[in-house]
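In the two assemblies presented below, subunit A is common to both, partnered first by subunit B and then by subunit C.
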Partner chain A sequence: MDFIWGLVQILGVHTIIGLSAYVILLTGQVSMAQAGFCAIGAYIAGMLTVLAEWHIIPGMLVGGLAAGALACVVGFPALRVKGLMFTVATLAFGEFVRLFWFNFDYQISRGGFEIGPLGGEGFRQIRFFPENGWSTLEVAIFVWVWVILIMAILWWMDRSRIGAVLRAVGEDELAAQSVGINLTAVKVTAFTIGGFIAGLGGGIYAHYTTHVEHLNFGVLLATFAIAYPILGGLRTVVGTLLAVLFIQGVLVEGLRFLGDLRNILFGAFIVLAMNLRPAGFIDARVTRALGRLFRAERGGA
Partner chain B sequence: MEIEIFGWTLLDYFQTIVDGVLYGATYAIIGIGFTLIFGVMDKLNLAYAATALAGAYFSWGVGTQIPLPAPVAYVISSIAAGGFGYLVYLCNFRYIPSGAPLASLLATVGMLLFLEELIVHSTQGMPQPYPALFDDVMLEWGDFGMRGDLLFVFCLCVLATVFLLYVLYRTKLGMATRAVAQQPVAAQLCGMSVQGTNSTTFVIAGAIGGIAGAMIGASVGILSPLLTVPVTVKGLIAAVIGGLGSIPGAIVGGLLIGAFENTFQLLRSVTERDMYVMLLLFAFLAFRPGGIFGTASRHE
Partner chain C sequence: MKKQTLSLLSAVAVAALLGTGATPAAAERTAKIAGFGAKSGVVRSFGVNTEAVMQAAVEHINSQGGVKLGDGSMAMLEMSFDDDRCNAEEGISVLRKIASSDALVAVGPTCSNVAEPLFGILQRSVDDAGDSGLRIPIFTDTAIKGGLAKISEWAFRNVPNETEMYRTLFLWVKENYPDLQTVYGGVEEDFAHSRFTWYNVMDTRAQEAGFEVVGFSKWLLADTNFTQQVREMKKAKPDFVALSSHPFTLCGILKEMNRQRVRPKLMIGLTSSSSMETLQGCSKAAEGIIIPSSFAPVTDAAKMVAKLADEKGGSADLHSAAAWEIVEVIAQVMESEGVMATEDSVQEDRRKIRDGLAKLETTNGLIGTIMREGDGEATKPYLYVHAQDGEWAVLHDPGAS
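== the complex of A and B ==
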């Protein structure tokens, strides 16, 4: 059973990371820095609970805020460029953050053990959950409370004026600008929110794996982050969740019986999926069809 | 008395920068490939460096079956990478609507992962030896020396670039490529096949990438799956520093990165080296987004 709950935790954390990229994608920007923000959240939350012995919730929030603040600071210069250049800039920034932690040592001695992050060795023994006797099920519930909270907020945001503004910028910057939307403010806000959410995700990630190292936050994770919302479609937050279930649940866990072949097929499946559904699983046609379905049901009742 | 800066003499710096520039030629080629494909498609092909290295791996694989002299291995690498380039075009660009740039971008990432895993699968993830030429030659002037194999790598990369420029600016094919890059609709109206030109561009870019892949293997001495992502990122940096879409820019960008990373490696360490390279790129993008030769880019 622990395996199942472990998988449920992974799905939850990846959903959070996917949602962090979703917010930024709404404004039409592809950020490859989400893995970097995730690393910041993971290391800071880990250091707070391990070295300063904080509770996990304030630790995660501070980690998230730090990642969000950095995203805000970086967002101003980075968002001067658009589209592909922005993608490359964030790719470089994400790799910079990863390499920063690769070279970062801060260890203190406690009870005869050296604890804290140690460069390439990574940050071991982030044992908040085991020390406080949380079971795998309880951790899984904790993760999903965060997932549902974040999804609910983004769902509400999507349906509010904020969502409309973000999408307006994503669809057509010139049109958005000409109705008086401040492009820089909107994009930097989205980038900051994305950084904050990624930081929260990193905070949880560090605690359920109990060990993080810089390699966890490489280009692969950054790719996953943007792959979920793109594969799921940008019409609704549910698309991201579906894509996480498809990639992590089916492609990564479900194909485990294929052994080595699974890793090869993984890339091929992404290529295939994008060829078949270029606008994602849930594209405009699916949302319209679903909308009709719900209206028909209501009409019949 | 020798002048020392941060503990190294000027000659040390000169040596480091020259070595870096020579190796930077490989980044320059990868950068040209990114720029070329971006020029005709207006899209990034993130699988490009992976195809280049896959070509080199292919020639290594052939080499394990029948013993190959190094030059033949390089040619096979180039041809194989051209083939991989065509495959990338078919899978990631041909059938995905041009109005869905995100889909193509993500598909090329899928392709990158696919090729990388294919390499890991066929080599059990172990680094493999790759043949070099002139690795026993050392040109020396006093304390200053030049590694023969690096010099060869540099010269071959220059040749590949000259060949590419010849194709682009002196042949009908190159004229068609440039026409499609500038005005796809007008080019089509003049009777050029846009898809044909695009696929040819992918093959040509792949073929010179295969040479770069082989040269990376030859100058490092080994091929490793760990090379894919750094080469991708540094090739992108070369293309971006020079201004995406500009071939001379990519050349200068690649050589600059080679020099910078080697200098940082001398001053700090190999683990910190890439961190500064990334920061350099970020600073460049944020404050000079058009690149060194940048006019305001028409592609945004």
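== the complex of A and C ==
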């Protein structure tokens, strides 16, 4: 079972990273900076639990807040550009963050060992979970409490005026502006929330892998972050979860027995899925059908 | 109806036959070893070679009757091999899968950036009940970055000690090439092993041997253009160069050196580049490069492993050959510690293997005796090899002098 609970942890962390991009995608922006925010959360949370010996929850929250604050600061200039230019700008920012950690050394001596981030060699021994006796199942539960909490908040937000405003900006900026919506404020808010969520995800990531290095937060992770909500569909937060299950659960883990063939099939299956479900796994038709189903059940009851 | 009855009877008969046929196989005891490493991506060849050599080692041991268990019966070794794509997350997932299976020991991984987190999720001290880390011995053949095994008492490595190798190599160069005074370095900056080896090993050992390091260039694993780095090298006018780089970018830099006509009097390479990939990628440009290596087909055993690896579709080099030694050591420890290899004894057997590995002081290597260190590391015999006419030839045996 240890393997299953380990996989559940991975699915949870990737869902959080996907949800961080989901919020920004709602406003019509494609952010490639999520891996960078994730790195900030990972390193800061790791340093707080390893060097300052904090509990993981405040460590993660501080990491998330730092990532969110930086997203807010970066959001103002970055969001002056739109579309592909914004994507390129966020990609550059993500690389800047990665290279920052690549060159960042801060080690202290404890018990005869040097601990802390060491540039390109990474940051090892982020062992809060095993050192405190957490079982793999307990870690999986911990991860999923955060996943459910974030999903619930985003679900509620989606159904509130905030969600309507985000979607209005994503659908048609001009129309949204003409009804008095402050585009910059909305986009920066979404970017900040996305940064905060990615920072939380990074905090958990660092602790379940016990070692982070700049390579973990490159373009591949940034691409996965936006691929999850796009592949899952932007109609609901559940789409991101389904896409994570498909990519991490089926394509990465489920096909491992295929060896080299897995890598070829990986790309082919994603292309196939995008062709069969161009608007994502959960598109408008699926949400309408589900809505009708629930209404009918309620009516029947 | 009659047809259906016949089909049913046939199915029952087939099932019965299959059942009978399965009985002897089920009765045969097996002891499982789980290998894993990078079988895809830039470092794919390392995993492919390790799997081939492991498979050959397992078949070799099984052909001699297998391993003797604690109850006196014999068991065949059985191995699996999973691809971790040189990715930390995937490596953790693979190790958890292995730990959830009845495998008694894991062999791998390829990459140091995977080994670090893997060793991190293991229990640090074996008797620390408060540490919930995984409890399965891992024996590493390839991930070579210095000092990793001390992360956990469940981690062991059979990788060469680069600090010692380069210390003696630079001293040997000093002695045999007295006209060489200055060295220029090159480092594949974003790969844990090459980076560690330049900054912590090559740079310092060269200076200790009395050479002046006149500078160094950096590049990345995915780089394909080395113009600037070689220009910097040319400008520094070193007597010789020391390149801490894996075969893929080593070939890039060597070809660029050829293009810019940079011809140092001597070239020294990274241990991991003493493999077939370098010769396949740039044998002409690599001609003469000297690398310390813990494997060369210089003994009968080493020649046999090289041949068997070739038959299995891989090649024996300093990394994959270590997998052969590991499988042999594991088989030896299984016998000495009385492993039972039953469904109920998996955790107990893992502990026995760990304790057995920790007790070892020496093991038999393919080119000589390997010293086991207290922290799970090894000090392996080594040779200096150089690229000569498209092959790796032994240049010097420091153990013989």
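Please note the rule applied: the second predicted complex is superposed on the first by the 301 of 301 C-alpha atoms of A that agree within 3 Å, B and C clash if a C-alpha of one lies under 4 Å from a C-alpha of the other, contacts with A are read in each partner's own complex, and residues count from 1 in each chain.
Simple rule for what comes next: a contact is a pair of C-beta atoms (placed from the backbone, for glycine too) under 8 Å apart; a residue touches a chain by one contact, two chains touch by 3 or more.
Model, not experiment: these values are computed from the prediction.
In the superposed model, A:A279 makes contact with subunit B only, not with subunit C. In the superposition on chain A, A:W101 contacts neither subunit B nor subunit C.
Judged by the touch definition given at the top, the superposed model places A:D260 against both subunit B and subunit C.
Using the contact criterion defined above for the overlaid structures, shared-chain residue A:F269 touches subunit B, although it does not reach subunit C.
Look at A:A89: by the touch rule set out above, it reaches subunit B but stays clear of subunit C.
Contact with subunit C, but none with subunit B, is seen for A:I10 once the two complexes are overlaid on the shared chain. When the shared chain is aligned, subunit B comes close enough to touch A:A78, but subunit C does not. In the superposition on chain A, contact of A:G120 is made with both subunit B and subunit C. Using the contact criterion defined above for the overlaid structures, shared-chain residue A:T223 touches subunit B, although it does not reach subunit C.
Overlap of the subunit B and subunit C interfaces on subunit A comprises residues 102, 120, 260, 263.
Interface residues of subunit B facing subunit A in the complex, by the touch rule stated above, are 38, 43-44, 91-92, 95-97, 100, 102-107, 109-118, 120-121, 229, 233, 236-237, 240, 244, 271-272, 274-275, 278-279, 281-282, 285-287, 289, 297, 299-300. Put simply, subunit A touches subunit B in their complex at residues 25, 30, 77-78, 80-85, 87-89, 91-93, 95-96, 99-100, 102-103, 119-120, 218-220, 223, 226-227, 230-231, 260-261, 263-264, 266-271, 274-275, 278-279.
Taken together, the subunit C residues at the contact with subunit A in this complex read 39-40, 44, 82-83, 85, 88-90, 92-94, 96-97, 99-100, 113, 116-117, 120-121, 123-124, 130-134, 145, 151, 189-190, 192, 195-196. If you check the complex, the residues on subunit A that touch subunit C are 1-4, 6-7, 10, 102, 120-122, 124-127, 129-131, 133-136, 208-211, 213-216, 252-253, 256, 259-260, 262-263.
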